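Right after this note come the structures.
Each of the next two complexes has subunit A plus one more chain, namely subunit B in the first and subunit C in the second.
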Partner chain A sequence: MKTRDQEYRELFMAEALEYYDSMSRHLSELERNPNAGPALNELFRLMHNLKANARAMGFTDLGEVAHHLETLFGLIRDQERTFSGPLIRVVFAGVDALGNMIRAVGANQPLPDASALLDNLDRLVRGEAPVLDEVDEGDTEEESNRKMELSDLVYIQVKKLDNLLNLVGELVIDRDRIMTLAQEIGNPALLATAQHLFRISDDLQYSVMDARLVGVGVLLNKFPRVVRDVATAENKEVELTLSGQDVQIDRNILQIITDALLHLVRNAVSHGLETTEQRQAAGKSAIGHLTLSALTERDDVLIQVQDDGRGINTEAVRRKAVERGLITAAAAGSLNEQDVWALLFEPGFSMADKVTDISGRGVGLDVVKLALDSLGGQLRVESELGIGTTFTLVLPTSIAVKGALLIEVDERPYALPLMHTDTVLSLEPSQISVVGGVLVTHVQGLAVPLVPLRLLLHDEGDDVLPLASKSELDGPQQVLVVNYNNRRLGLVVDRFIRQQNIVIKPLSKPLDTIDLFGGVTLLGSGQVCLVLDVPALTRLFLAKRP
Partner chain B sequence: MNKRILIVDDSFYMRTMLKNMLTDAGYEVVGEAANGAQALEMATSTSPDLITLDVILPDNTGLDVLKSLRQIQPSAKVVMCSAVGQEVIVTEAIENGALAYIVKPFSEEKVLEIVGAALQNDAAEPAV
Partner chain C sequence: MADIELSVPAAKPERVKPAELVQLIVFRLGDEDYGIRIEQVKEVTVTPEVARMPKTPPFIKGIANLRGDIIAIIDLEERFLLRPAGRAVPERSYTVAVEAADYILGLMVREVPRPFTLPQSQIEAAPDFVQDSSTRDKYLEGIAKLPDGGIIIVLDMRKLLTPSEVMRLPGKSASS
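Take a look at the complex of A and B:
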C-alpha cells in the first residue's frame, strides 16, 4: 500500500539523488574554474532545495549540512570567500556526507553523524580555518570505494504511457491476425513462432497496463478533507472510513471518475446522512458513518460510497421526477424501486428544493452516469429506508483491452463489452410471453423485456417499434441479457460466436455520430467488427417501445 | 467557483506537496511551473487567481519573475515561498507587490491560512 507519506518519501529520494549527482558535476566544474558563476548559482540553488525538502521530511541533520553549504556557496558567489585551499576539501567532504545521508534515508538507516563536518562548515562561514585530519591516504581509499548510483524511480508523463498503450493495442490486433493466418496455413514453424509472439505480446500488454496502475488511495486519500468541509458546512458529524487504498487501477480511469466520486461523497454527506438531532430521534448513533472503499471483483474494480443515513425515499424521488417533468405520472407509477433510483442519475434531476453551497450547484448526479458510460462502467444502487445507501461504481481495471462477447446478426459480427452482459439464454417460445406488444421473459423471477437486436440496428425515423407477436418466434431464441443502470434488456441475436478480448478503436468521422456503436475492433481474421454501445441500445429501446 | 492557483517551484517534491495541500482544500491547481520561463508562460495562459512563487529558480531569480508577473498578470496575487535564509529577497519581493511569505518547511495549516488570507485581501497588506 502506497500512502501519501511513502509517495513523498519516494519523491524526496528521487529528487535528492538527482540533486546530489548535479552537485558533484558542478563541483568538478568549479574545481577547474573557481569563478564559474552558473555552477555557483546552481550549487546554491540545489543546496537550498535539498535543505527545504529535507526539513519538510524531518531529516534535520541533512537539512543542516545543506543549509551550511548553501550559506557557504552564497558567500563564495558574493565573493566573500574563494573556492580554494582547505575550503575545497571541506566542501567535497560536505557533498560526500550529503550523498551518504541521502543513501541512508533510502536504505531506512540512521543518518551518519555530521557534527565534525558541521563544525568545520561553521568555521568556514565565520571565516576561520577548518580543523582537518592530517592523514590524506584515507581519501583515496574512499574514492575507489565510492559507488555510482542512479535513482530507481523514473518520472514519466501519462501521455507517453498512453502512446505506448495505443501501440500495444495495435500490436495485439496484428498478433491475433498472424495467429489466425498461421493456423490457416498450418506450417509448424510459423505456428510455433506465432505462439511465441502471442505470449510475448501478452506479457508486454500486461506490463504496459501494469505501469499505468496506481493505488486507488491516490484519490481516496483526498476525501477526509472534502468530507470534513462538507460536514462542517452542513453542521453534521461524520466519521469517514477508507479501505482498499492499495487496490490498483489505471491512472486515467481514476482521473475520469474523480468528479463522479466527489459528487457521490458530497451527496452522501449532504443528503444521505441526517443531522445529529434527526439521528438521535431515530435512535441511531449521533455521528453519521461514511465508508469509501475499493475492492476487486473478477477483472473489475469496485468503488463503494456507503452511508448509514436515511436511505433513498423512493416515493419522494418518484414525485420529484414527475414534478420535474422527467417522466409522466402514469409511467412513474409502474416503475420498480431500482428503476426509480436510476432516475437520480438522469440529467436535470435534483431532490433539492433550495440550492445549498455544497450540493445542488446546478450539476447533478448525472455526471456520475456520464463518467461511467464513457468508461463502460456500471453503477449499482442499494438502499434501505432508515438504514442507509450504498452506491457502487463498477470500473474496468484498464481501459485498453476489454472482454467482449461476439455475436452475429444477419451474418455480421458485433461485439458487446462483457461489462454490460448479464446472462446468455436459449429460450423456447413457450418461455416467452407478449405484454403490451413487447416480448417478455422471466429471469430469476424478474420480468425482462426482449427485443430482436436486428430491429434496433435497422431502426430509422421516429416511429415506435412494431408490435411483437409470438407467431414470429421460430424455434429456440438466442438471448443476450444486457444490464445498464440496473435495467435489464434481452437482445435476441442469431448466434453467439465466442468470448474474446478486444481493443476498441474510436469510430472516425462521419461514423462517430452514430451513438449505437461505441467503436470498432478488428477480429483475428482481419474482419472489422462494430462494438455495440449498451447504454445507447437501452435508451433507444426505452424511447421506441410500443 | 474554486480559486485557481499556479505553483512555481523548481522542486518536484515541493510542488507535489503544495499541490496536494491546495487541492485537498478545494483549490484548483491550474499549473505547475519549474522555472521562470514556464511560470510566465503558464501565468499568461491560465490567468490564475494566485501564484505561489519560489524565491530561487534555475533560470532567473524569483524576484525577476515576480516583477514580470506583476506586469503581465497584475490581477494575480503572488505569495512568495522560500526556506529560511532568503529574508532579504523576500522583503524586496513584498516591496514589489508580493502579498505574503510562506516559510519552508511549511505546515498545511500555515499554507492554507496564508493563501486564504491573500486571496481575500485585496489590499496589498503583506502577511508573513
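Take a look at the complex of A and C:
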C-alpha cells in the first residue's frame, strides 16, 4: 500500500508535468505571435496553479520560480512588458528550470539551484536588463539530452470505471455459481481452480473498488467558500474546521451526497448557528463553530456536520409538523425526541418563517434523506438545546458490494442490506402483545411494532392491513428488526438463511417502478433473490397500519 | 440451458421476390398462432427459474436470470385472457426474449416457438374493429393468412411492451 504522501506526490507530478507540457506549447505559440492573448492568459493561469500546488507540497523553490514567472506574465498581459528580446530567453530558461525541478521532485532529488534565474526574473520585473551568459555552449547538448516523458497517471472517465465495476459484479455472481457447482460435482481439480478463480476475482473486485476511491477532501475542500458566502449573507461569523479529508470513499457516493451535504451545511449556518449578538447574550463565543469531518466506522464512512449553535427546538418542530399537516396533534404528542427530529427530513417540512436567499425556499432537508436512501445510507441526529447539533451521514464505502442478511418468506429468499438491520430475535408468542391491531414487542425497553413481511409483500390495493391477533402466532417467531430514520420495525420472516456480501443489480424496466425492491442479486445457487428496500417497507407499513 | 436453433427454412419458391419476405417467430397462445418479427426477438430458450415478484399483476410471472440479465417474464395468455379455463401452464415452457426500446422482456409460451417465413404481402392490416385504440395501443401489426387457411396474428412488440402497458394492473381482483 502506498502512503498518502506518495499518492499526493504522484498526483502533483502528474499535474505538474501536464502544466509543463502546456507551458512549453503556449510559449512556442507566444514566440511566433507575441500578441496571442489566450496563450498568455493560459501561461499566467498555469504558473499560478503550479505555484499553488508546489507551495502546498512544500517545494518552495519551485513555487518561487513559478511565482516570478507568473508576475512577469502578468506584466506582459497588462502590456507593461513585451514578449521580446532578452526576456524571451529568460522566460524559456525559466520554463526549462521548472521542468528540471519537476523532474527532480519526481526522482526524489534535491531541487537544482535557481537563484541566478530568480535574479534575472527580478530584474525583468523591475524593468532592468537581465544578465545573460555570453556563451551558451551547453545549449545544443541539453537539447539532445532532453527526455520525453509521459505521466505515470492516467485520467479516466468515471463512466469507464462504472462499466468495469458492473462487469466485475457480473463476474462475482458467476464465480459464486461456479463455486457452488464445483462443490456439488466434487472434482478436486475443478474445485481447486474454482477456489483460485474465487481469490482472483476477489482481488479484482477490490482493485476496481479501490480505483474508484477518492478522498472525502475533494468535496469538503469546496465548503470554506460556501460557508463564507452563507455566513456573509446571514451576517454571521463562522469558523469552519475540516477534518478527515483523507478518508476514502467511492467517487459516485460522494457525488450523490454533494447536494445533501450542501443543504446540511447551509442549514447549519443559517438556522443552526446564532448571530453574534445572540451568541454573546447566551454566554457563548462570538464566533460560531462549524465542523465538517469524515471518519470511518467499521466498513462505513461517516460524514458529520457539527455546529455549536442553538440546537433543535424539539417542541417547535413538533408544533410546526402539526401546523404543516404532516402528523396529527395526537400522534405528535406521543413521539419521542428522535422521532420528532426525523420529521425535519420529511418532504414539505420547513422551520423557516422568513424566506432568505439561502434557506427556506421550500426545498428542505428531505433531499438529504432521498440521497441517503438511494445509497442505502443512514442519518443520525444528535442535538442539545443551546449546545449544538450534529448530523451524521452514514455511508457505504462502495456502491457495488453490500453486506446483506438473507431471509426466507414463502420459500423464496430475500436480501436485506445490513445497513438497515438492527438485530434479529426469536420471540415466543408470550413476548408479543397486540396494541391497536398491531403486534408489538419490547426491545431494550422500547416498543417495536412487528409485521409479517408476507403481509407487506403481498398486500394489494389501498386497504389497511388486517388487524393482528395473537391467535395467528404459532410457536417462536423469527423477527428481523430493521431501522430506518430512527424508526424501528420488526419484520416477521419464516427463517434466516445467512449473512452474505451481495452485488446488487438494479431492476430493469418495467419493474423498476416498484419501490419495495432496491434491486436483485443472484445467489451462488443461480437463484434470483430480490433485495428489499427498508425505507420503502417502512413507509408502506406506516401507510397501511391499521 | 440449450437454445433452440433459430434456423430459418429456405423461402418457399412461390414467387421470386426475396426482398418482400418477412421472418416471424411463431408461437401458440390460447388456440391461435401468434408471430413476432424475428428482428424483435433476442433469444428463445427453455423458461429459466422464475422468481415470483410481489406487487406485480398476476400476468407477470416474475423475474428470471437470462445470461446475467434480470428480465421480467410475462404470460400473454393471462394478459389477454386467452387461456381456456382449466388449462394449466405446463411444467416445461419456453421463453421468447423480445427486445423493447430499452429493455428485454420474456414472453412465456407453452410450445416450442418455430420460425416461419412468408411474403410481406400476406400480412394484412388488422381490421379496425379489432383494434380498440382507446384502451390498447395498436400492437397488432396485422394478420397473416396462410395457404392452408390458417392465420398468424402478428404482434408489434415495441408497441405492446411500453412500461405502462406491461404494468397495467388488471383491477383489484388481483390476488396472489
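In the analysis below, the second predicted complex is superposed on the first by the 399 of 546 C-alpha atoms of A that agree within 3 Å, B and C clash if a C-alpha of one lies under 4 Å from a C-alpha of the other, contacts with A are read in each partner's own complex, and residues count from 1 in each chain.
Here is the rule we use: a residue touches a chain if its C-beta (ideal position, glycine included) is under 8 Å from a C-beta of that chain, and two chains touch if they have at least 3 such contacts.
Bear in mind that the values here come from a model prediction, so they are computed numbers and not experimental data.
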_According to the stated criteria, A:Ala268 is in contact with first (subunit B), second (subunit C), both, or neither; which is it?_
neither
*asked:* One more residue to check, A:Gln527. First (subunit B), second (subunit C), both or neither?
replied: second
*Figure out whether A:Thr71 sits in contact with subunit B (first) or subunit C (second), or with both, or with neither.*
first
*Who does A:Phe12 touch here: subunit B (first), subunit C (second), both, or neither?*
first
*Residue overlap on subunit A between the subunit B contact set and the subunit C contact set?*
none
*Write out the stretch or stretches of subunit B touching subunit A in their complex.*
10-14, 16-17, 20, 23-26, 56-58, 82-83, 85-86, 104-106
_For the complex, give me every residue of subunit A touching subunit B._
4, 7-8, 11-12, 14-15, 42, 44-45, 48-49, 51-53, 55-56, 67, 70-71, 74, 155, 222, 225-226, 229
*Of all residues in subunit C, which touch subunit A in the complex?*
49, 51-56, 60, 63-65, 68-72, 100, 102-105, 161, 163-164, 166-167, 172, 174-176
*Taking the complex as given, what residues does subunit A use to touch subunit C?*
170, 173-174, 412, 457-458, 460-461, 505, 507-511, 513-514, 516-517, 520, 522, 526-530
